Amino acid sequence: MALSSQWVRDWVARSAQHISDNRTELIRLDREIGDGDHGENMDRGFKAVSAKVGELPADASPSDVLKTVATTLISTVGGASGPLYGTAFLKASQAVKDHAELDSAAVVDMLRAARDGIVSRGKAEVGDKTMVDAWSPAVQAAEDALAQEATEQQVLAAAADAAKAGSEKTDPLIARKGRASYLGERAIGHRDPGSVSSALLLMAAAEVSA
Amino acid sequence: MALSSQWVRDWVARSAQHISDNRTELIRLDREIGDGDHGENMDRGFKAVSAKVGELPADASPSDVLKTVATTLISTVGGASGPLYGTAFLKASQAVKDHAELDSAAVVDMLRAARDGIVSRGKAEVGDKTMVDAWSPAVQAAEDALAQEATEQQVLAAAADAAKAGSEKTDPLIARKGRASYLGERAIGHRDPGSVSSALLLMAAAEVSA
Amino acid sequence: MKKIINDPSEVVAEALQGMALSHPELTVATDPDYIRRADAPVKGKVALVSGGGSGHEPLHGGFVGYGMLDAAVPGPVFTSPTPDPIVDATKAVDGGAGVLHIVKNYTGDVLNFETAADLALADGIEVRAVVTNDDVAVKDSLYTAGRRGVAGTVLVEKIAGASAQRGDDLDTVAGIAEKVNAQVRTMGMALTPCTVPHAGEPSFELAEDEYELGIGIHGEPGREKRAMEPADAIVDRMMTAVVEDLPFESGDNVLLLVNGMGGTPLVELYIAFRRAHAFLAERGITVTRSLVGNYTTSLEMQGFSVSVLRLDDELTQLWDAPVQTAALRWGR
Amino acid sequence: MKKIINDPSEVVAEALQGMALSHPELTVATDPDYIRRADAPVKGKVALVSGGGSGHEPLHGGFVGYGMLDAAVPGPVFTSPTPDPIVDATKAVDGGAGVLHIVKNYTGDVLNFETAADLALADGIEVRAVVTNDDVAVKDSLYTAGRRGVAGTVLVEKIAGASAQRGDDLDTVAGIAEKVNAQVRTMGMALTPCTVPHAGEPSFELAEDEYELGIGIHGEPGREKRAMEPADAIVDRMMTAVVEDLPFESGDNVLLLVNGMGGTPLVELYIAFRRAHAFLAERGITVTRSLVGNYTTSLEMQGFSVSVLRLDDELTQLWDAPVQTAALRWGR
């Protein structure tokens, strides 16, 4: 069953919950190879997003909700992840502009647009130890699922699983973008915090579509 | 046998040795209820005193040697203890001005003058938890010994024992002079560092007279 | 974690309130937060706006005033500000001659200032950006996010600020800022980590006999931990990296900045300055201007950085020009 | 202990060398050590000499210059200087109008400056001494060595320095210094101890959830350890002691100084300033002048003090008068 604008709202709420539950863990990860603020940044951002989305009119389209997510993240998160996630949701919003509901194809378009937004803004490639290492396999998995005529929920579940696996694969990498890139070999053995938060967001998306 | 100017030189050398051996302990005591520099101050001072006394002509009188000790301490120790010990040795030097050798009476005069110098300069009384708590019983014991017609060495041994006992008696006191006075009741249970260095100096005096 | 704070999430807001109360010559906007000269916009003058995460004080708020910045935009501790306050500050200080953004090279700062510049431009304000990247600790910058902007940023702000104050146009001010950035090199070290208030735990761990060489200013670990050694040996290691990088050469006149990371006593900074000065003298490089103190910090971190800036007559004159800010002041 | 030093016993000497290299406007004498204005003696001007143990930087060397001190005499870390350098400095800056010694009330400082004054007098120099004792943490001063001189000393030096600079005679300058000392009160606290280089170990111990209230500036323990609490509660406690002591009263105009102990980030000092300012406002006391920063430190100690000085028109004018020193500068 195609996903409604309520699904986007649920996604936001569940994301806020996951980020809040994992705030300390994200801070810890970012302290290891960054500056220790990722959990705080994301938690501040998604708390604001929850509030803003709650103020939207009942008839807001999926695209409208996603746009509010984008602008709120841009104006509350800061750091590197703020503009990157902001761009991701902005592009996602544009990708589903004319949809009252999202079918599997639209979901894939949305995810791909988000990933492309992050890449165009941050110039990171897969293997650079960033959130792209979660998003790119997620999009790939979603596309593969769509080719198998998967439901929306199956597409999102595939994306979430792939994001989680992609995030875990950042452990042995040397970073080439973001703060962790300053550490050289010392980044090896640590997971990229942005890839973890990305996997959390995609898990939330899958969960609320079930 | 009356004490010669060589005895004063030996006293200086032994004092420098004791202070150097107890530098860390004096620092520790001063850290507890002061500012942690007493061992360093005294060690710097007595190293300088040793050097200066070594430069004196062979025929320098006991008073001459004591005066060099005084001026060197004044110009190298600093802090509270520098002027106080400086004054002590200056007054001691004046007290034995005309003596080529020091008999028991002269030794007592010398110790009393030193104590009086400290008191006049620092205005501390017995029980104020300062070096006076070592010097005053030392002078008293020396006077008592003299009344019993003690030898110079017996006078000095009595003074040293009394100084050590007096120093130990500072443990339970609240300080009324010096930095420890700022601590109020928190000074209780700690020994006054200046009383310990005073006892070391008087022990050195007794040892080299044996 | 022990800090003189109330609520960790109110640290920046409350500090700004304190700053406003103690510096009537500054105007502090809240919601969104920025600090500007009370007399801004100065008509016809190019305006300078800088900003970035908080925790580097006095950078940047302490450098707002005559002859330096027109506004500073503080983000949360160690987190770049979002575009909104940058846009607001940019609009508030634009005197019609355009605005120069001075941005330290961190992904977050660059992206947020970029967005802000786009938005300001959409409102008809001419904005140029200079991205500072003086940190030589980051090697192989082709394979990283690029070199970091650290304490050299203060020198860029002072000298470009003097250029704007004397009436130079936006191209000229931006050109001078670029020139300073191109001629300055910095290297930092830390004896202790720092603790971000909302994180509550130290940013990295260091044994009692180790130091971190090549740290940035965000409590991030450096390039390597080394066994503790005397000040002179540490300074030589840092100065070698700095001097060889540009490279600085015999005959150069330079400004030498020894910058404390926040928790280092001034006596130690002077000891480091003494050796850095001798290091340069041994190579025929003359220190003609100097600055010693806490100018670009990492909260309470103990450590310091050395920056060397090659000077010519123009840069020297602009350095000497009057400046009147909370943290840097002379000639007025 | 980790410090940016070489030999612990050379800390002061090497720091002075660094200071000399970075401040050509100062003349640094070594053996014995003192720092003086390069243009001293200023003929006909009362000269101000201060000094005390090192480790409180920028106090006192950072306050040597136009409108403030003529010379500063640094002892070893936390140890008052001996009379010799005080006498030398006194002679070197006497411009024929007499010399004012500004001495913090510690037994060592008082005794060594006394001896120096006697010796200078014997050489025909007129010397007066003002002993500062602004620390309200020391109670029952009849039963102690008396109250300590702490951060309020900076205010005495600035204001008396301005009095001397405008040409007042020795009696007047000394009177103004006494007046400032009589009108200023200070209270300090620490989150962490500090480590004297030659001692090698921290000056006291504090648990992760405790602070020391009523510390001095020598790493000596305070009057009591307390459970950690929010900044506002700590400030209220300190301000209550300060305000009730003089007492400061509704209608007073005051200078409020929030002074860092060396290792406290500026953001935290501004947070403390914010509350101290509100505390005074609630009591009808107006902050007309303020100063926030590290001015009288205890090496790398984390903590701060608050000082309040009651102002009248004359003191305000003297505070505002130009000053040009390494650490305090305005109007020139």
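Residue numbering begins at 1 within each chain, and the chains themselves are lettered A, B, C and D in the order written.
The working rule: a residue touches a chain if its C-beta (ideal position, glycine included) is under 8 Å from a C-beta of that chain, and two chains touch if they have at least 3 such contacts.
What you see is a predicted model; the values in this text were computed from it and never measured.
The chain with its C-alpha centre at the largest distance from the centre of subunit C is B.
Note: centroid distance subunit A to subunit D, computed from Cα atoms, is 54 Å.
For this pair, subunit A with subunit B, the centres built from the Cα atoms lie 75 Å apart.
Inter-chain centre distance (subunit A to subunit C, centres taken as mean C-alpha positions): 32 Å. One simple way to say how far apart two chains are is to compare their mean CA positions; for subunit C and subunit D this gives 29 Å. Residue positions of subunit A in touch with at least two other chains are not found. Counting only residues that touch two or more partner chains, subunit D has 77. Chain pairs that touch one another: A-C, B-D, C-D. Subunit B contributes residues 27, 31, 33-37, 40-41, 44, 74-84, 121-122, 175-179, 181-184, 186 to its touches with subunit D in the complex. Taken together, the subunit C residues at the contact with subunit A in this complex read 9, 53, 75-84, 106-108, 111-112, 114-115, 137-140, 143-145, 148, 196, 198-199, 201, 203-204, 216, 218-221, 223. By the touch criterion given at the top, residues 2-7, 11-12, 14-19, 21-22, 54-55, 57-58, 62, 77, 191-192, 208-209, 211, 228, 230-232, 234, 256, 262-274, 277, 287, 290-292, 294, 297, 299-300, 302-304, 324, 329-332 of subunit C touch subunit D in their complex.
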